[in-house]
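Following this line, the structures themselves.
Next, two complexes with chain A in common: one pairs it with chain B, the other with chain C.
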Partner chain A sequence: MYYIITKVMVKAWLRKLIKQGILVAPTQLKGGDVVFKEAFTPDNISLEFKQPLYSVKSYFLPQEETLFTFRNSSVDTLQEVYNEFPRIFFGLRPCDLKAVTQADRFFGEGFQDSYYYHRRKQTLLMVIGCNNPESHCFCHSMGIGPFYKDGADIFMVDLGSSLAVTAGTPNGKAAIEDYLYFFEKATEEQKDEIILEEYAALSKLNYNMPKDVGPPDFSSISDEFWEKISRKCFSCGSCSYICPLCFCYNVVDRQNKIFEGKRVRTWDSCIFEGFTRMAGRHNLFKNRQDRLKKRFAHKLQQYPEKYGLIGCTGCGRCTVTCPGKIGMMDVIKKFAAEVSTDDKK
Partner chain B sequence: MTNSIAEITQADVILVTGSNTTEQHPMIGSRILEAVQRGAKLIVIDPRRIPLANFADVYLQPKVGTNVAWLNGLAHVIIEENLCDQDFIANRTENYLEAADMVKKYTPKYVEEITGIPPDDLIRAARLYAKTDRAMIFYCMGVTQFTSGVDNVRACANLAMLTGNIGKPGTGVNPLRGQNNVQGACDMGALPDVLTGYQKLDDENVRHRFEQVWQVQLPAKAGLTLTEMINKAADGSLKCLYIMGENPMVSDPDLNHVRQALENLELLIVQDIFMTETAAMADIVLPGACFAEKEGTFTNTERRVQRVRQAVLPRGKAREDWRIISALACKMGYLMGYESPEEIMEEICILTPIYRGITYHRLDDKKGLQWPCPNGVHPGTPYLHKDKFNCGKGKFYPVEYKEPSELPDENYPFRLITGRTAYQFHSATMTGRTAILQREDPDGFVEINPEDAKTIGVREGWLVEVSSARGKVVCRACISDNLPQGTVFMPFHFAESAANFLTGGAVDPVAKIPEYKVCAVRIKGVG
Partner chain C sequence: MIKNELAPKPAEITDIVQETSDTKTFTLTFINPLDQSAFQYRPGQFVEISVLGVGEAPISITSTPSRKGFLELSIKKVGQLTEVIHGLTPGDIVGIRGPYGNGFPFEEVKGHNVLFVAGGIGLAPLRSLINYVFDNRKDYGDVKILYGARNPGELVFMRELTRWATQPATEVLIIVDRGDVKWQGNVGLVTGLIPRINLTPQNYSAFVCGPPVMIPFVIKDLLNLGFREDRVISTLENYMKCGIGKCGHCLLGGKLICMEGPVFRYSEMKNLSFG
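Up next, the complex of A and B:
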């Protein structure tokens, strides 16, 4: 069931929703970059829906967060620190959405990470379909697609001067139906338009990454291939930091005040040598080639084994950020090219 | 840089020397890899086999400290094989004959004796560099931090002029600046003999203009360079030092000498964002603001002036540097009444011809402006020396190879190179406080060739004592075949095993830059 809201009224609607939480929405910074930013009013948010530079990962797993504080070297003084603001995420892309629902599994199955869940349970996810994928996007080859909406509270489609909106959860339904006076019901033509927009987006994605070039079977990739690729790896870790599906973290203790310490969780990356280094500087993944191979093994093999899906949403951000130009998309394409030349031989 | 980062992908040949580009300037390293991918030829000349050497068409491994010899050698081959750009030399340069005369004796054979570079490789590199219209030279501290630093740079410039590889897109002599705003600091006259925009202090007209704006009398005498200050402090003729955002107790050569010098001062003021090794010695510490806490501009390695904006307010008692300096000036009786960084930028525009067209307003909607930008509608200058050199004609300076100030001998048989690692920055004031970066590179080490390690009798990870005539440090041995036998490498970031206890105080006679890149050391196992 799609409702239509004109873009003029979107900010008025958000002004109502914002009473329930802090708005996080794509915002254009001075200098031109678009990023997800917290806002207390919807005035400055961008309704052009370009892909923000970073995903919303940092709102669920902050780059650095304090887990608890302690004083006088005593366990009795331990105090957990929760960051509990309700947040409304507006303008998530399907790739970002998939990352959040996957994070739910990562932090929830088996052991439940209470820090993550405190944040997650107070969120409203408003997802926008991608009419205009960037040239580095390839979500369709990762089983998602430009109008993927599983798990979204609200899913929206940009129809130029208006948005088509539909609810996916009871929370999303309430966020629309409580303010029904902003909306009209979608007409048949508008419903057709939604389908056309999706097709148009898909054809752009197929241009980025042709249908027959999918994620490769990891076990078929030779070590020589990884050797060649890894020469271009700077070990900077930006691929993991920017990846919406990389959740590895490190935990360290720091001095907070003179007699107070804090335990801090920070982002980490398997591309760093220290990630797998053990006592006595032993390391099973000593060189770059091994670490790079391990990263891709995790995404292309262990993810499917454990979760039944590939550990990549096809957002393409690693392709943009990687200084050696060996992001996921480049690796898939390079491998495909290698296989096809081998076939010709 | 004479040219721009965006031009790297237009170059046909790229010569990288004395720069571990992919680790120390990763964004530029990234562009170089992109150029190579597109078919550009890469020449890497470095005593350390750096990662970029994997992509090089020609990789030469000279002995450390022999830059002038092989640079002259390249020039020799280019002249002998008549690969020079005769038109360029005739129309745009002067003093060619003297330089040509000087390089005559640097035959590939003679160069091999000094540097160890096989003659055929040298000839290949020379042909590759000379036979194209678009060749860029990149260099960094591995060229400048020698007693022959100025000579090295002149020899690089000679090479570019000889082949006409300057004054066009995708060419040039491109020194890579080591910090985000070191270019900006130099532009603003943080040098002893110039005012902003490299206007000479001894030019009376220039001084007069500044005196009018500042309403003070300016001294005409050039000040001291950093290395001279430390020496003067040691001999007692310098009484007070005010150090901002610098940590000489880790980053200056011969740290024992630096400690004596700083202890000898009557007053030491340090302004920094953390309690550094140097700040710990200060009489007064002034808490400065970090990059995210201030407004202003940074000027990057390609002369691009870019706005920085305050993201968070300074914490605690920290203040932006300009506020601290203004307040201090007021206390000392000079009313430096700036109200905002923008007001300071306006003064920079008025007093600095190369910055005249750079205003906050223009920096707001563009990705910065590259100086020289002489007026408010000028689009900035992507590459220098187009059609004409700034000084008129490009002058060839004949340079002769001189040995480094210290060579290995019986007591100290190894040549030590000091440098950096990818994860620590400079004296680790900031990166050492970042858990993940500190974990990547937690402590000092010395890179040793496997054969040398065998001779010394140490293995990977063992502790060794490295000593020079000036001091000694204990650190971890790291066995690596990236270095030739007889040469070892140490990063200088780590205060506990600071490589600069070993380096010497010898400086370049012109620029006064210390010879960080080579000194003689002895290594033995510990315990």
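Up next, the complex of A and C:
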């Protein structure tokens, strides 16, 4: 069931919701970049809905996070540090949403990650459909699509001067129905408009990446192909840092001169040579080609085996950030091109 | 409320044995008796040992679960953390969390004869299982232990090796790559011991543990002898951080060594990207 709220009223609605938590919403920085930022008021957030530069990964797995503190290296003084602020995420993209629900699965299975759980348990996810996908977007070929909403508390569609809004969870329902005076019910024409917007978005995505160029079968990719790709890799790790589905982390202890210490975890990347370097300099993934291959094997082969989905949301951020132009989309396209020239031979 | 797996529990070092010039065996007891009783492990599992302010490392458990109330870890001085640990004395407190990993399939090999092949510090995780076998002697058949090290000074658990050799239906063979003036025993690689033991591979299970260079050669020889692929059981190593399948460092051929390993049968291992 879709409700309609005019864009003028969206900020008034958010001003009500903000009482329940910190608002995290796309905000335009001075230089023009749009990023997710914590905001105390919704005044400065962007309702233009460009894809933010980074996903919301850092709100669930911060780039650096203190696990616990201690004094004098003593285990008795160990104090766990939890960050438990409730947060309202406004304007998540479907690709970001998929990444969050996949993180729920990953951190919730086996030994559960209590830090992730504490952050995640008090969040409201307000997802906006992508009417106007960027030129690097290809979520449709990763099985998501521009209007994907599984797991969203609230899903919204931009209809120009207003937003169509629907609830996906009891929390989302409460966030709408408690403030029903902002909304009116969607008319039949508006419902049709939603479908048309989705159709238009899909055709833009098909232009970015034709439908028949799907994720390749990893086992059919030759080592020569990886060798060629890896020549362009700078080992900078930006693809993993920016990837909403890369959760690898490193753990280090820090201690100051007066013996106040903390154990922190930081983002890490399998593209770095030190990622698998053991004591005595043993390293199973010494050369760049092996590391690059491992990264893509994890996303294209092991993710599907384990979770039944590709380890990529098609957000295209790695394509934007990679200095060697070997982001996921480029690799898929290069491989497809290789296969078709092979066929012609 | 979810349990925080990443916070270590305090444990006291009660005893230290100098095994070789760079290896010590530490006996640890949890400060909190509840932590001690909750710590149930299998041979072949490992713990994460922390010295707060320095770091944390995965170390395999060398004591056997059949002897309760303490935990033994044999640690070789190879890096920053292990160097600090070597400087600790009895009474010092370290952080422990675990046990992690799958451990050896010791119930499954009940009734089998068992062959152990170890190299260097690789005897540490096997010692857990060997002592378990001796503590439950009637459940297992013949025991053969082949152990190799670089030189006589690097042989660990010598007292126990001698004790094991006196057990019934047990054979212990030791070899070193390079002898010294006093050494009267075998010289060569541990693979050189394999043809010298009398066994029918059909009713044997083999456990192999040692440095990465040793394992493939031993496995090859065992398979040539006629060991079944699923009865050659070994351990894999890769850099590990969290031990709980989250940090991603130990991913190898799609398997997280800390969760699905470190113990693998050869039949599983050969499908991973190396080995």
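The rule we apply is simple: the second predicted complex is superposed on the first by the 343 of 345 C-alpha atoms of A that agree within 3 Å, B and C clash if a C-alpha of one lies under 4 Å from a C-alpha of the other, contacts with A are read in each partner's own complex, and residues count from 1 in each chain.
We adopt the following convention: a contact is a pair of C-beta atoms (placed from the backbone, for glycine too) under 8 Å apart; a residue touches a chain by one contact, two chains touch by 3 or more.
Since the model is a prediction, treat every value here as computed from it, not as a measurement.
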| item | value |
| --- | --- |
| Room on chain A for both chain B and chain C (clash or fit) | fit |
| Which superposed partner A:Asn250 touches (first chain B, second chain C, both, neither) | both |
| Partner chain(s) touched by A:His298 [first = chain B, second = chain C, both, neither] | second |
| Which superposed partner A:Met278 touches (first chain B, second chain C, both, neither) | second |
| Partner chain in contact with A:Lys325 - chain B first, chain C second, else both or neither | first |
| First, second, both or neither for A:Phe259, with chain B first and chain C second | second |
| Chain B versus chain C as contact partner of A:Asp268, first or second or both or neither | both |
| Touched partner set for A:Gly110, first chain B, second chain C, both or neither | second |
| Superposition-derived comparison: chain B or chain C, residues of chain A touched | C |
| Partner chain(s) touched by A:Lys232 [first = chain B, second = chain C, both, neither] | first |
| Minimum Cα separation, chain C to chain B, after superposition on A (Å) | 12 |
| Doubly contacted residues of chain A, that is, touched by chain B and again by chain C | 250, 252, 268, 277, 280 |
| Chain A partner contacts - residues on chain B that touch it in the complex | 22-23, 26-27, 29-30, 33-34, 37, 51, 54-55, 307, 309, 364, 367, 422, 435-436, 439-440, 442, 461 |
| Touching residues on chain A, where the partner in the complex is chain C | 67-68, 70, 73-76, 78, 80, 106-107, 110-115, 117, 247-253, 255, 259, 261, 263, 265, 268, 270, 275-280, 282, 284, 294, 297-298, 301-302, 305-306 |
| Interfacial residue positions of chain A with respect to chain B in the complex | 30-32, 231-232, 234-237, 250, 252, 254, 264, 266-269, 272-274, 277, 280-281, 323-325 |
| For the chain C and chain A complex, residues of the former touching the latter | 2-10, 50-57, 78-79, 82, 93-95, 212, 237-239, 241-242, 244-249, 251-252, 254, 259, 273-274 |
